[in-house]
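You will see two complexes here that share subunit A, one where it goes with subunit B and one where it goes with subunit C.
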Partner chain A sequence: MKRYAPYIVFALMAVLPFLGLSTYVMHILILMLMWSVIGMAWNLLGGYCGQVSFGHAAFFGVGAYTAGILYFKGGVSAWWGIPLSIPILVVEALIIGFICLRLRGPFFALATLAMGEVFRVTAENLRNFTQGTLGIMLKERTWVEKTWYYYIILGLSLFTFLVVRKVIQSRLGYYFVAIREDQDAAESLGINTTLYKTIALCLSAVLTGLAGAFYTNYMGYIDPEVVFALHDISIVTIMVVMVGGVATFWGPVVGAVIMVILAEFIRSLPRLGSAHQTLFGILLILIIIFLPNGIVGDFSKLKRIFGFGRRS
Partner chain B sequence: MTALLEVRGVSRFFGGLAAVMDVSFTVNKGEIVALIGPNGAGKTTLFNVINGFYKPSQGEIFFKGKRISGMKPHQICRLGIARTFQVVKPLQRMTVLDNVIASAFLRTKSRSEAEKKALEILKFTELYDDRDMISKGLPLGKRKRLEIARALATEPELLLLDESFAGLNPTELNKSIEIVKKIRESGITILIIEHHMKVIMSISDRIVVLNYGEKIAEGTPEEIANNPLVIEAYLGEAQDA
Partner chain C sequence: MDSVALEVLLQTLISGLLLGGLYALIGIGMTLIMGVMKIINLAHGELMMVAMYMAYWLFVLFHIDPYVSVLIVAPLMFLFGMAIQKFLINPVLKVESILPENQVILTVGIGMVLANLATIFFTSDYRSTPVDYASDAWYLSDYWRGSPIELSLSVPWTVSFVMAVIITIALWFFLSKTDTGKSIRATAQDIDAALLMGVNVERMRLITFGLGAALVGAAGCLFIPIYYLYPALGGRFTLIAFVITILGGLGSTVGAIIGGLLLGIFESLTATYIGMGWAPVGRFAIFILALIFLPGGVASLLRRRRLGG
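And now, the complex of A and B:
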């Protein structure tokens, strides 16, 4: 049953567009799926391999800009960004990994945070290449309807889910978790920690960047402030995983659903709307204190607190 | 017969402090060699140098005739040297079985093979009944044995045991001694750091004594027990009353 759960969820999600949902609801669903892809990608590196990155916007942004620049400079469809961003992201991950992966724990986190900002500032200033803060606009979108975008991101999230599950259940998964639990022990057990951390980073970067390339095609406009954003991308990515459940298969998916709904809800509140970052911050603190394993990881605890599913 | 492990003139400095100073000794195949010495004598540092965590400041180390000083720990492990840690380092949030599977993957790519081997080793180290426990929850004695099990799963030729007997109760102690003897019978050479003299005297073939980073004696257990330098290192200088 558990084995087939992603296919069942996928099949159910595939039927949704036939219900004649409004454009707004479709937009929300697309955002949820996109965030679940980014969350699952981050989870591979931060959750399983224990390398907490505060700079995933660097990968999201490079994916997005690959698509954007291919369209703007190369004159081809921005959809080419999805396959072609893969080698670019691998190279980027190797460079960032070479610099950051020699650091451990909080130092790695800080270095990646700095990396994310370096990429943002670079994208803002390479005006000839990226249009700087003007951003890149796709003159016409492929579809006016959202249905196809929905199916594409749905496919991408199923793909991501299956890749993560496959990796985690293999030898790589054991190595990732071993590195998270104790890097010195892992090293002395014959695990090439540098190599496997780099693999985790590359996989995570590519999956995140694919979501970025999708974003360009879907939104039709990107600028460095948006796709390389520290708070709107890097931090939200971490929140998605923390809320849902670190190092669980379904955690990032649940986290994405909750965070997107919450963001929309808070933004619609009068007066409080513009303080949504503040509210997110408070939520993150509460989650870390009371549900350190997230909603999926601490599900049994939640059940106890709210008293459902009680044995009677 | 060439030595399995040869430590040749190894020193390791931390700033101006010589933690290990010009130490040489060899370990032959099939032996149990004990490394003893008072606290701070440099035993664990020497292990860290052999295992590759530290590079020796001077000197060289050879394993099966191949120079290993300067290699990374994972490369040294692949060549056949496994170690345990004095301060146990289990992969805390993994089960006992997963801990051993993770290290069994060194010699096999297949998940089922790794699991089969891990179960075998857990039976050998008498941890089979605890295989589904999260290793964080194990009592110290079993965590020390888990360290040994994990090291064995990498199929070493030389096993470095760093105080695998410290802090054990008498029952656990006897069990661990049995396991170490069984390991030797299976053809694995052992270099062991230990404070427990009863254990040292009963299992080791040769003993190397360190004091303040320098080797002060080497010999059979009887020779060491009667060596005045060793007695002085442990008990202080004899006073003429």
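And now, the complex of A and C:
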């Protein structure tokens, strides 16, 4: 049953567009799926391999800009960004990994944060190439309604889910967890930690970048402040995983659903709309203090607190 | 090199040095916290932003000069830092979780809340404090008539720099001569040994976080006359502080001072010769170079010298 759970969930989600949902609801669903892709990708590196990245916007942004620049400079459809961003992201991940993976723990986190900022500032300043802060606008959209975008991102998230599960259940996954638990012990048991950390980073970068390339196609407009944003991309990515559950398969999906709904809910509040970062920050603080392993990870604790499901 | 180019170079170096002195003060606060608590305070820049707003309002409402308000803002920030440590960071230190980076993420959350609250209360307008000496400067030609080149020294920048130096020296006295200071350094070196020697580690942590916040608060006051103020400025200074600590060597106070000066001069050079927009990239370039070629920072060079000689 557990094995087929993702197929069942995704099959159910595939039926949703036939219910005649409004454009707004479809938009929310697409955002949820996109964030779950980014969250799962982050989780592979941060949750399983223990390398907490504060700079996933660097991958998201490069994916988005690959699609954007292919359209703007190459004159081809921005959808080509999805396959063609893969090699670019691998190269980017190798470079970032070469610099950052020699650091551990919080220092890795901050180095990636700095890398994210480097990419943002570079994108802002390479005006000939990226149009700087003007951003890139897709003049024609592929589809007017959202159904096809929905299916594409649904497929992408199913793909991501299966990749992450496959990797984690393989020998590679055990290496990742070993590195997270104790890097020195893993090294002394003969695991080439640098190699496996680099693999985790590359996988995570590619998956995040695919979501970025999709974002360009879906939103039709990108600029460095948006796709390389520190708070709105990198930190929200961490929050998605922290809220849902670190190192769980479903955690990022749950986290994405909660965060997207929360963001929309806060935006709709009459006067608190501009306070969304405060509320996010408070949520983050509360989660870290009370549910350090997220909703999925600390589910048994939640059950105990609220006293449901005691008989099962 | 003709005299104009020389003038530009010297002027750039001077402003870099003055900026670096202030950077050093920010970096020391961060490095102290890092040394004692073994966590990175990613809300450091936001603490500075809070202090800057305090100094700003003290000036606007009570006409207290920013340089005088250091005496008010720094103690307030000390209390504020201790409160953060006591009520937010301490509980997390005891929680079991998969990722040890929780504390770092927690400080990110604190920073987010502070920056966003500042935006709500004070709007995201750029503000500057209209002190009447803001654009005063000393010119070299006033003192030396026949000088072949013209250099200027901005009054507020110089005063800020001198005050930063004074605060740094005072801190050095505190850390090396007083009992509390020695206990803080002992905690930074080895928590278990410090505990065995009867140091109240819990209290030292509180004091250190307060001290770090007070230092960055003082830096904020010194920045007020020379810099504009807006809520999102915190993130930038957090990164600067972090780059300084890496450059200087983790937990090393002397390293932080040298790192701050180096960064200030380097940034000033990039801004003059490559372009203003690229100054942040220069900052990160030096950071990445330090990580690759000098992972222990300046402190490791100093240590090597000491052992070798």
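By definition in this document, the second predicted complex is superposed on the first by the 311 of 312 C-alpha atoms of A that agree within 3 Å, B and C clash if a C-alpha of one lies under 4 Å from a C-alpha of the other, contacts with A are read in each partner's own complex, and residues count from 1 in each chain.
Here, a contact is a pair of C-beta atoms (placed from the backbone, for glycine too) under 8 Å apart; a residue touches a chain by one contact, two chains touch by 3 or more.
In this text, all values refer to a predicted model and were calculated from it rather than measured experimentally.
Contact with subunit C, but none with subunit B, is seen for A:Gln277 once the two complexes are overlaid on the shared chain. Contact with neither subunit B nor subunit C is seen for A:Ala205 once the two complexes are overlaid on the shared chain. When the shared chain is aligned, no partner comes close enough to touch A:Val226: not subunit B, not subunit C.
In the superposed pair of complexes, A:Ala114 makes contact with subunit C only, with no contact to subunit B.
In the superposition on chain A, A:Ser170 makes contact with subunit B only, while subunit C stays out of contact range. Annotation for subunit A, partner touching more residues between subunit B and subunit C: C. In the overlay built on the shared chain, the residue A:Ile69 is in contact with neither subunit B nor subunit C. The intersection of subunit A residues touching subunit B with those touching subunit C, taken from the two complexes, is empty.
Of all the residues in subunit A, the ones that touch subunit C in their complex are 46-47, 50, 52, 54, 99-100, 102-103, 105-107, 109-111, 113-115, 117-118, 121-122, 124-125, 180, 230-231, 235, 238, 242, 246-247, 274-278, 280-282, 284-285, 288-289, 292-293, 297. Residues of subunit C touching subunit A in their complex: 39-40, 42, 88, 91-92, 95-102, 104-106, 108-113, 115-117, 119-120, 235, 239, 242-243, 246, 250, 275, 277-278, 280-281, 284, 287-288, 291-292, 295. Contact residues of subunit A toward subunit B in the complex are 169-171, 174-175, 177-178, 181-182, 184-193. Residue ranges on subunit B touching subunit A, taken from their complex, read 51-53, 72-74, 77-78, 82-83, 85, 89-94, 98, 101-103, 105-106, 109, 111, 114, 150-151, 153-154.
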